[in-house]
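Alright, structures below, take your time with them.
Both of the next two complexes hold subunit A, though its partner changes from subunit B to subunit C.
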Partner chain A sequence: MITQRNLILLGIVGAALLALPLIGSLFAIYLVNEILIFALFALSFNLLLGYGGLISFGHAAYFAIGAYACAVLLTTFGWPFFLAFGAAAVISAVCAAVIGYFCVKLTEIYFSMLTLAFAQLVWAVAFKWIAVTGGDTGFIGVAVPDWLDVPVRFYYFTIVVVALCAWIMWRIVNSAYGFTLVATRENRNRAEFIGVDVKRIQLVAFILAGTFAGVAGSLFTLFNHSVFVESAWWTQSAEVMIMSILGGVGTFLGPALGAATLLILDRFITEWTVYWPTFLAIILLAVLFFFPEGLMGFASKRKKKGE
Partner chain B sequence: MDKKSLLLTGTVLSLSATAAFAEGDIIKIGALYPTSGPCQLIGEYSLLGTEILAEEINAAGGLNGKQIEVIHRDSKCDPAEATAMARDLIAREEVDFLVGGVSSSVGQAISEVSRQEETIYIAAIPKSTQMTSPENFHKFVFRAAANTNTEGKSAAVIADQLEMNKICTILMDYSYGHSLNEAFTAHIAKIRPEAEIVQQEWPKNGTTDYTAHITNIMAAGCDGVFSGVWAGLFPAFAKQAAPFGFFNQVKYVTAGEVGSPEVAEQMGADMPEGIWANSYEVFYHSAADAHGEFTAKLQEKLGVENTPSWPVVGYVAAQWLTEAIAKAGSSETDAVIAALEGLSIDTPIGPQTMRAEDHQANRGQFWGKMVQSADDSYPYRRMEPVSYVVADELMD
Partner chain C sequence: MFDNPMLTFIQLLNGLSLGMSLFVIAAGLTLILGVLRVLNFAHGAFYMLGGYVCFSLVKLLSGVPGGFWLAAIGSAIALAGMAYLIERTMLRHLYERDHLYQLLFTFALVMIIGDLVRFTWGTQVLSVSLPPGFKGAVNLGIAYYPSYRLFLCLMGVIVAVGMWYFVNRTRAGRFVRAARQDREMLESLGINVGRIYMLTFVGGSALAGFGGALAAPAVALSQGMDAEIIVQCFIIVIIGGLGSLGGAFLGALILGLLNSFGVMLVPNFEIVLIYLMMVVVLMIRPWGLLGKPEAQ
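So, the complex of A and B:
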């Protein structure tokens, strides 16, 4: 909800992000840059989970497709940067459309299993198609243009792209289409009775989510100068799900908060213990039991109580 | 002196000690080894090797008058994680050098960061020839490990010695297996033209059932098998193959460090008698000189008699750096690169040279026939005799 308070908060976060390079820490720039990319990935996932009620176990596929498309078009084919970057998003959208066409024919667990199956297929193609993707040793040396190949510049580029995508997603979920999507989540039968073509609405959500995931994947490629098949593996799909649930699927920005929390925890917990997966599991358990609406849901609830 | 002032003095002393070695007086080495996940054991032991080297140098007064500090990050056997951690080491800890890596993809990922950040990286374990191939090679990456050419061709040398003429291969279906295959088949054709490859099996990476592959090989009528079922997978494979009499029917030559003492100990009587296997290190090969000293140190550190093979890998990887820094008289990147190119060092496993043109060390491996040890204190299979296969002619 856009309240004055939220706008002020958003303004503060935005200003902090823009001012971050002033503190001169390369480490902070790298960390926040990665957070922004995964925030976009998690926001795209939440179009499906939070707004559409669609549990996809294979969202990493579109992240990976975007990542590989961007790497191959830029490096192997030597396309101009913006053309390659745009085409990567289009390719993700097309793949999401084809896969989504089959997936939305099914519901609930069958939908989830099919998304997983397709994602593993994408992984297998990336793994086997060594001539194009480099197989399991990975694709390195991505031809990032010189003007962008400076950490601070790339950081601002990421902010612009992520902000633009987030704004578009925000407009989408607050449009008539967005409300219809929520209606199909709340009660599929009722939505059908009033004449909503549920499958089509879900397919559009699938394509949109896939497209923005592809943009996140492209950014990640440019950020790392490399792509690896692990980015299409199911654990990557699980990670984005954890980010969303941790942050809160019921709010627009919750998943972004989840992405930030998870990455920061990962970075600092691993430093003092090798048992980081244990800590992650404990944190997740705590969230699921005590704050089922995630960190963002918890925060907004407390705010309401206070008012 | 009362307790409080003692504490205060202690604090002041330790503070001044820290200050004495502050910025510029410490050489920071960033170590990236997996200390969780499936490669954990390899990572922990390799890291230990790197730490032992740093301790030795610091105890002897440091390097060019500077102390060495090893800062470790868990690379988790995942390339994206390794990328983030390598950057973390450079940007936050301001390390001067990177060492480590286990899998080839992690090696590639760290190599990419080292290229961007212009920081020297010594690949300790990754074997993929892609890392040093012209399209991926850059001046900041060096490899201390043997590459897949050395490993596959060494196996061909052994196969030739064993007079294998009808050969089957069983290699895992991912880049490591395919690279081994290329090296092995090319070299066996060269040194033993009468040998032919009669059957090739490609188990999926991550499979746990090798039965079909085992029976296919046994039906193919080959007299020898070249295998890439590496150490982590081999115990399961051997358990399935032994009941068929597999290891009695064929001569078995395997890459992937199956001959390392930790695998022999883990498998005990399940380690097939008479197979030929390799390892980066076997503690029993010699008690002389640097090797004996290193083994003794490791025995003391770990409190075990039979020391594992991986610490020497982490030790040697970091040794390239420290010897190059000593030779250059500086830890400036360009000076150290120049010193590394063509550098020869004496390691606990013998002399090694870093080739100037592609930054590949001439790292060979120990090969031997695994037979039951006659020594009561070591009731496992061990290589007898142990031979070091020299890499110089094999690594391309």
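So, the complex of A and C:
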């Protein structure tokens, strides 16, 4: 729920994001830009994990599909920017619909396995369909329009897109549909008894999550001017899962906080050691054993204790 | 494509030796998955570590007769010891938790082992030379074939028979089967299920280490070999059926043969073919070719 206190916090974060270019550090702009993109990716993932209780193991697939679609439409086909950007989201949605249709038929470990299998299939296609994707060398030299190809402008563009998507997702999870989705997570059988078509509810969540992941992928393409096949590999799916758990899947913005924490730590720890994965693993173990609700859950619990 | 019998024959052997060396690793994975219900992403990292440990032991034992074989057994023991520590200190506290947390735990292991390998052995690609007696090729009538590859085929079959005997014909194996079927019932009969879990994890991990050691002379040791092997093992386990040993054997054969003949049928797209098959099997028989559907 939006309390006054949260609203003020959100306003401060928003103002800080908008004011960031004033400090004039290109490094900060790039870092926060990347955080925003991955925050969107993690938020989309949390529609499935946090709200739907669906452990998808192949969420990177839709990120990659959006990324490649945007790159190919812009560069190979020379589509106008907004058309290509929109079409990339639509393509991600369609792919998520087709894949999700089969996945929601399965439950638990089998659901996770099938999402993983499809994601690996997407990876294999991207890896081998060299004529379109560039294969192992990646898709390099994406035709980002000139008006957007300025770090500060792209930064504001990202803020607008991510804020818009986050707002839509917020509205979705607080709608009747969102509550029904939570009900299917809490008790699938009871939801079915009262007449909820669980599979359909889950499929819609799958499509929504895939679409927003695709938008994040498109942004990442524009950000990097390139796409690499690693963006579909299972470790990318693992990463978004780690971000979400780290931030806390029980809250709406937790995964975004997780993305920010992970990327900031990554940037600063890799400055002085190559053994960043071990630090990440230690953080992960700490979350697993001591703070299973993530950073956000931990913070809100402490707040409650204090009140 | 089949008009050249020699080529077909060699591809057949390539498929078999690939499948059988994968089986040794996948067998451990499916055992752990069946009993502990843990999807162990770190199994590939255990395999990688097994290969690297073997590399160091071979160096250490240079000059000792049968050095490579001792090194391979040493790798299995080292991995068993590590698995024991991991299980006792951390993993066992997670059995009751959601399987998401178990997954994350195995991710953490993947990252730590990856760094451990980088820290200890560096980033350059390493190789282990073929053990003496297996350096040449064998004349099989219509073609020559590297003898070490043939040995890998044989080893897969030996491991398969050994595990089948253990699971189906020994007292300990009976407990493993029972734990796979109904943990609570077994516990109420006074069996220490925690111990069975521990031994299964240790045994499965030892197989991964052994598989890595055996693969070391046939592949190049490099960072990232863990991420690739784990996906292949998942394919095998999914096709065969989660927790089914026979299924893993069948899955390994299918994957190996599809790999070698896929190259001839659809050059460049054999990987796509393999993932496609995994998807199709999951859609039609999510419990795998030889698995049994779970009661809902």
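Note that the second predicted complex is superposed on the first by the 307 of 307 C-alpha atoms of A that agree within 3 Å, B and C clash if a C-alpha of one lies under 4 Å from a C-alpha of the other, contacts with A are read in each partner's own complex, and residues count from 1 in each chain.
The definition used in the following text is that contacts are C-beta pairs under 8 Å (C-beta built on N, C-alpha and C of every residue); 3 or more make two chains touch, one makes a residue touch a chain.
Only a predicted model underlies this, so the values are computations on that prediction, with no experimental measurement involved.
**Student:** Overlaying on subunit A: subunit B and subunit C, fit or clash?
**Tutor:** Subunit B and subunit C clash in the superposed model.
**Student:** Is A:Leu26 contacted by the first partner subunit B, the second partner subunit C, both or neither?
**Tutor:** Only subunit B is touched by A:Leu26; subunit C is not.
**Student:** Could you say whether A:Val162 touches subunit B, subunit C, both of them, or neither, answering first, second, both or neither?
**Tutor:** neither
**Student:** Regarding the shared-chain residue A:Leu208, is it in contact with subunit B (first), subunit C (second), both, or neither?
**Tutor:** It touches nothing on subunit B or subunit C.
**Student:** Of subunit B and subunit C, which one contacts the greater number of residues in subunit A?
**Tutor:** On the superposition, C touches more of the residues of subunit A.
**Student:** In the overlaid three-chain picture, which partner chain does A:Ile91 touch, first (subunit B) or second (subunit C), both, or neither?
**Tutor:** Touch status of A:Ile91: no partner.
**Student:** With both complexes superposed on chain A, which partner does A:Trp234 reach: first (subunit B), second (subunit C), both or neither?
**Tutor:** Only subunit C; A:Trp234 stays clear of subunit B.
**Student:** Per the contact definition in the header, classify A:Ala191: touching subunit B only (first), subunit C only (second), both, or neither.
**Tutor:** A:Ala191: touches no partner chain.
**Student:** For A:Ser226 in the superposed arrangement: first (subunit B), second (subunit C), both or neither?
**Tutor:** After superposing on A, A:Ser226 lies in contact with subunit B but is clear of subunit C.
**Student:** So, does A:Val274 touch the first partner subunit B, the second partner subunit C, both, or neither?
**Tutor:** both
**Student:** I'd like to know which partner A:Val104 touches here: subunit B for first, subunit C for second, both or neither.
**Tutor:** In the superposition, A:Val104 touches no partner, neither subunit B nor subunit C.
**Student:** Would you indicate which of the stretches 22-30, 40-48, 130-138 or 202-210 belonging to subunit C has clashing C-alpha atoms with subunit B?
**Tutor:** It is 130-138; the other listed stretches have no clashes.
**Student:** Can you list the residues of subunit A that touch subunit B in one structure and subunit C in the other?
**Tutor:** After superposing on chain A, subunit A residues 127, 274-275, 277 contact both subunit B and subunit C.
**Student:** Using the touch definition up top, name the residues of subunit A that touch subunit B in the complex.
**Tutor:** Counting only subunit A, the residues touching subunit B are 25-27, 29-31, 34, 127, 130, 134-138, 140-141, 149, 220, 224-226, 228-231, 267, 270-271, 274-277.
**Student:** What part of subunit A is in contact with subunit C in the complex they form?
**Tutor:** Residues 49, 55, 102, 105-106, 108-110, 112-114, 116-118, 120-121, 123-125, 127-128, 233-235, 238, 241-242, 245, 274-275, 277-278, 280-282, 284-285, 287-289, 292.
**Student:** What part of subunit B is in contact with subunit A in the complex they form?
**Tutor:** 35-36, 40, 73-74, 76, 78-80, 83-85, 87-88, 90-92, 104-105, 108-109, 111-112, 115-116, 128, 130-131, 135-136, 174-175, 205
**Student:** Within their complex, state which residues of subunit C touch subunit A.
**Tutor:** Per the touch definition, subunit C meets subunit A at residues 37, 39, 41, 90, 93-94, 97, 99-101, 103-105, 107-109, 111-112, 114-115, 118-119, 227, 231, 234-235, 238, 242, 268-269, 271-272, 274-276, 278-279, 282-283, 286-287.
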